[in-house]
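Two complexes come next, and they have one chain in common, chain A, joined by chain B in the first and chain C in the second.
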Partner chain A sequence: MARSRSSRRSLAAGSIMFAPYLILLVLFGILPIIQATITSIGPSIVNPAGGLQNFADVVADVRFLPALMNVVVFLLMYVPAMIIVVSLMSLLLDTVQGRWNLPLRLTYIVPASMTGATAVLIWYFMLEPSLSPYRDALHALGITQGNQIWRQGGLAWIFVAMAFFVGAGNWIVVQYGSLQSISEDVLEAARIDGANAWQIGWRIKLPLIRKYLVYMGILVFAAGLQVFVEPQLISGSVYTGIAKDWSLNQLSYDLAFQSNNLAGSAALSLMLLVVCIVAAIVVIFRTDFFEGTGVGKK
Partner chain B sequence: MTTESIALPGRGEGIVRTRGFGAVSGRVVVWIVLAVFGILSIVPMIWLILAPSKTGQQLNDNPPFSFGSFEQYGVTWNNLLSQNDGIILKWMANSVTYTASIVVISCVTAVLAGYALAATTLPFKRVLLIITLIAMIIPPVALVVPLFVEISAIGLYDNPASVILTSSFYPFGVFLAYIYFSTSIPTEIYEAAKVDGAGEFTTFFRIALPLSKGLFGMLAFFSFSAAWVNYFLPYVLLQSQENFNLSVGLGFLFTSSPALNPQNGAQQSLIGRPEIALASLLLAIPILIVFIASSRLLVRGVLAGAVKS
Partner chain C sequence: MKRLAVALVAVVAVGVALTGCSSGTPASSGKPSILIWADTPRIPQATEYQKEMKGKVDVKIETIAQADAQTKISLANRAKKGWPDIIFGTAADTAVYRDPSNGYAADLTKLVDKKIFDGFGEGNSDCKFDGKYFCLKNDLANTVLWYNTKIFSQLGLTVPTTMQEFADTAMKLKGTGYSAGAYGDQLYYAAFLQSSECPLADLTAANTVRIAPSDPKCTRVAKLIQPLLDAGVIDKRSPFDAGFIKDVAAQGKVAMTIGPSWWGDFVIKPAASWNVPAGETAAANMPTWGTGKDNKSGAYGGGVFTVSSHSKFPQAAADAAVWMTTSDWMATAATTPTFPAYGPANKLWEARISKDAYYTNNVFTAMAAGANNISQVDRPARFPFVAQFGPTMVADINNGKSLSTALDDYAKSIQGLAPQSGYKVETK
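The block that comes next holds the complex of A and B.
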């Protein structure tokens, strides 16, 4: 009796505490998707009849396939580069304890402070042979004009470099933190068995943080799929039009704001969103990342 | 290279000495890799700090890491102020207001919701948790166009509230708070409080909250770093220059000034490369300071701390 009353009170209190977040979740997490779904099948400027034809129209758009290819190439370079470099660097960082560890970590997170518009600017300067701190290296490679680097066809590399530069350091520090959670007993046992640093890193530490690396890989993939700021700003400023509609998100943006085709834009956004939702569901139900958090079936 | 080949066949009696030698050379390689990565990480920031001390001409002619003069920082700043009657100040103020509002709303709602999921008898917990996880993994950028559609429909387009409210939705924070309250604080503590007759709110405010300073720090850190540099969402939701945050303002500066592309904008503009660099620096420095100040939080391992049972 007393227990059921206290659990009813707990229910009421819990609901009140959860409510503010729930409102935000519904308003800005769920409603926009519903609204976008309705918009995506509504009449559009190219297809007054509306319906699923909007999705077909977007896919048939001449800009769609090139943008898709750009994003695929971008992801094929970006995701493996992040996973390999971040794993390697966090393992190396983990082998040096002592007073230089913290300063190193601090330097690694510096680039994360230069995101978005700043990252674009930084890379413009870094790759501009007349201004760059690496101007000697660029000259040695025979690059004396910015437009030798900034040309269509070679852009994916630059955008990968930008995204990598902003994200890698932060992830190295995060995965270094994951490594810190490995019990000292496990490592000590391996040392007693005669494992060297390399074997401990490769055979013991890496498998133990595998789920964090998988999680990172999927987040990085989902974010990379949505690449927008870098090509958009470069294209809108320095090299006008060089990366116009380069990524799928830019195409979605242009459909909405240039072509006045909101239905098409919503349709494309939803397609990208579905891929991200699938990726999310894979992480939640097909990896052990959220094991023990009350999500999986017990 | 040679040390590797010495170390590899090292078996039997010589093992201690050869491994010692290999280990030392291995350390050297590790240190070189770590140091080079560190240098590459800070080169752009150093360059960015030095750039506004030079005139546009000096930036072009002098070595990349040369220093101009302290006075030139003032000149560069005044040039930046000349843009639209000092609109940069408005952008900075907007960034501060938006970010502060977002951090407060997102952290408070996340802590409350995380606690409700962890310690109260909320119905549909598993479903709510799964939706939260999905929302957390989807990059915010994916929702920009749908949010634009919705925000326009409810008449909040070009209103700062649209950016503040949409950015305050913080599923990652809810998840972190949920894990914190369900693992870092032993459930016995809540049970004991309830046996003593404390209600949920009392338990939350008297027991859970005082134990959550570290949690708040971490939540605020992530919320701040996302909100301060937020570009795509405000870029899409805001139209008037006076509503821009610094990030969007910076993007506007370099698409509209001739600094980076002589074909852009008015040729008489005072906005050149040093001014653009200074504006970027103003955007980057607060984040950098927060990162350095929070480095202690990051040591403990965000992901590991979050899911370790």
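The block that comes next holds the complex of A and C.
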């Protein structure tokens, strides 16, 4: 027997646990990628010859560069905000051990239940001066008309706010969980050495959960790069057309369903995918994500 | 292990066999069955048709959002199934559907009686592509001048008949607190640019489009309307903007506005909208830009029914489309806010609305005067003509930019998009 019985059993157990994920990954990840690759080099309305020209056509589209700029601005605000605020809040939560801890964690998850159309409606009502419960605050800021807030050029921060409030709560709870895995001995030793709460947080806890922060960073970046729901819903109903083709994913959607240019749409989707994968690989290997144990044993 | 593999294969095989069996529905065994996709205002007439055809045709109805129509048909084309037998949409949708690359729209010239087309007259011109009809026009949404008789008599104003008079009358409202309407959305195009016949989708050849914002018929619009915007007598917000409705329209401060034929029943009257009391609203002819033939109206809306070329029951589908656009029931129902495009149905709608006690005059007269006078310069095109208003023209107007900038930004964007849909662009 090359393998012992127990290692065979653990291999079988591992395979069974991994199988559902693998099946879903193949069905909804790998196969669509293959399909998209085939479609992206196929013929399209503007490019009957097909081939890599489709990628060039998409980049040359008048809507591509503005959408790219919008997404870059969105990411520059969204990713740091998420990482910084989530790290800070989860550290604070970890420090406040007591009877407020559980209610606080529950409170943070509540905004996550308001996604998509619900979030758009809520934000619209909050920011529309004639309907908002905060209209006094808005008027104090000199905002009396909806189009002072909802205007082209000023949309990025609204979408960042929407995406942030939906996502941050979840991540705070997750990072709080990862902070629990830090060994008490390490923290005790730090306290004995005279470290104050700030130093413990900044120099000990954060580096020890670095892996999980990196993991969060990758997912937040990928989600941000593919931002779609918030601009699409605002643009589709409330302020029709205000954020049309605002993000790259919206452009991909319009290419597919408005211009009937599925090749271009597939090309753009693949470009987004490649960026996400490259970013993830770079970050993983630069931070030694899979190396060693970043977390102490209990 | 081997037994497990065999069992797995057996399960999969049975599964495939079952799905294969269920997808094959027996075709013409019994009644024809059709699927209607319509938006919410059209559901009452679709439901009535379903009732009338009970036992003869199995009518299924699904509500869809207007903005999703092209997407859903695109998906159906891709999957090669799932098409509705008839769909409600815009003529621009039909322009996309009848293109060979899409192929959804059926040529109705053979399926629909010539008498019906005669009854439409010019009203169905939006549906004519290369001499063939690919849809049936449900309603005409030509613009008229809606005005408030109470405010007009209070301020001693006379009803304008030309665009210059409209501008002058609007300027008289300066300082009074009254408004000449809000045009910060597609209404700016329909009320002013389209009626002025500014060429923005002028199909000079089958696949050539003229988008010329420097044409005098375009520049005269900004010249006339910009001072009104600067003076604040017309609002830069959309007429559907919550702030505008709350602060201006619902306060009874709109003295006059140019709006389509459905504006009265759908925007001015409803309590949830402008909520103007009864006995104050009237409609007058659309103000003319010039003399003689320079008297066109614009159109804000005006839906069509398109029939599927993939329908298993093409005649039943065509009959349904005909009923939806021409039926007496539709024309007389209180739930039909729109001006039927079909002549005889239109006469019945006239009977209802001319007696409507909400209005102070017979609003039908103004609508009928402009119905066959809608500008034909801009034709339904395959690029997102209406959708591009939002991010360019409307956004600029809402943000206080000048009207000529708004038009230039819009024209530039569609000049860039038209080639993607296979058009050659002329900019002069």
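Quick note on the criterion: the second predicted complex is superposed on the first by the 255 of 298 C-alpha atoms of A that agree within 3 Å, B and C clash if a C-alpha of one lies under 4 Å from a C-alpha of the other, contacts with A are read in each partner's own complex, and residues count from 1 in each chain.
Here is the rule we go by: contacts are C-beta pairs under 8 Å (C-beta built on N, C-alpha and C of every residue); 3 or more make two chains touch, one makes a residue touch a chain.
If you're wondering where the values come from, they're calculated on a predicted model, not measured in any experiment.
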Partner chain in contact with A:L273 - chain B first, chain C second, else both or neither: first
Which superposed partner A:L131 touches (first chain B, second chain C, both, neither): both
Touched partner set for A:L262, first chain B, second chain C, both or neither: both
Which superposed partner A:D245 touches (first chain B, second chain C, both, neither): second
Contacts of A:V186 with chain B and chain C, given as first, second, both or neither: neither
Touching partner for A:P20 - first (chain B), second (chain C), both, neither: first
Which of chain B and chain C A:V59 touches, first, second, both or neither: neither
Of chain B and chain C, the chain that contacts the larger number of chain A residues: B
Partner chain in contact with A:V72 - chain B first, chain C second, else both or neither: neither
Partner chain(s) touched by A:N147 [first = chain B, second = chain C, both, neither]: second
Touching both chain B and chain C, residues of chain A: 130-131, 236, 239-240, 256, 262
Sites on chain C touched by chain A in the complex: 67, 70-71, 74-75, 78, 96, 101-102, 184-185, 236-237, 241-243, 246-247, 383-384, 387-391, 394-395, 398-399, 413, 416-417, 419-422
Chain B-touching residues of chain A, taken from the complex the two chains share: 6-7, 9-11, 13-15, 17-18, 20-22, 24-25, 27-33, 35-36, 39, 89, 92-93, 95-96, 102-118, 121-122, 124-126, 130-133, 135, 165, 169, 173-181, 196-198, 209, 211-212, 215, 218-219, 222-223, 225-226, 228-229, 233, 236-240, 249, 252-253, 256, 262, 265-266, 268-270, 272-273, 276-277, 279-281, 283-284, 289-295
Chain B residues within the chain A interface of the complex: 19, 23, 26, 30-31, 33-35, 37-39, 41-45, 47-48, 51, 59-60, 64-65, 108-110, 112-113, 115-117, 119-123, 125-126, 128-139, 141-150, 153, 165-166, 168-171, 174, 178-179, 182, 194, 199-201, 204, 225, 229-232, 236, 247-248, 250-251, 254-255, 260-261, 263-264, 273, 276-277, 280, 283-285, 287-288, 291-292, 295, 298-305, 307-309
Chain A - residues contacting chain C, complex: 45-46, 61-62, 128-131, 144-147, 151-153, 235-236, 239-246, 254, 256-262
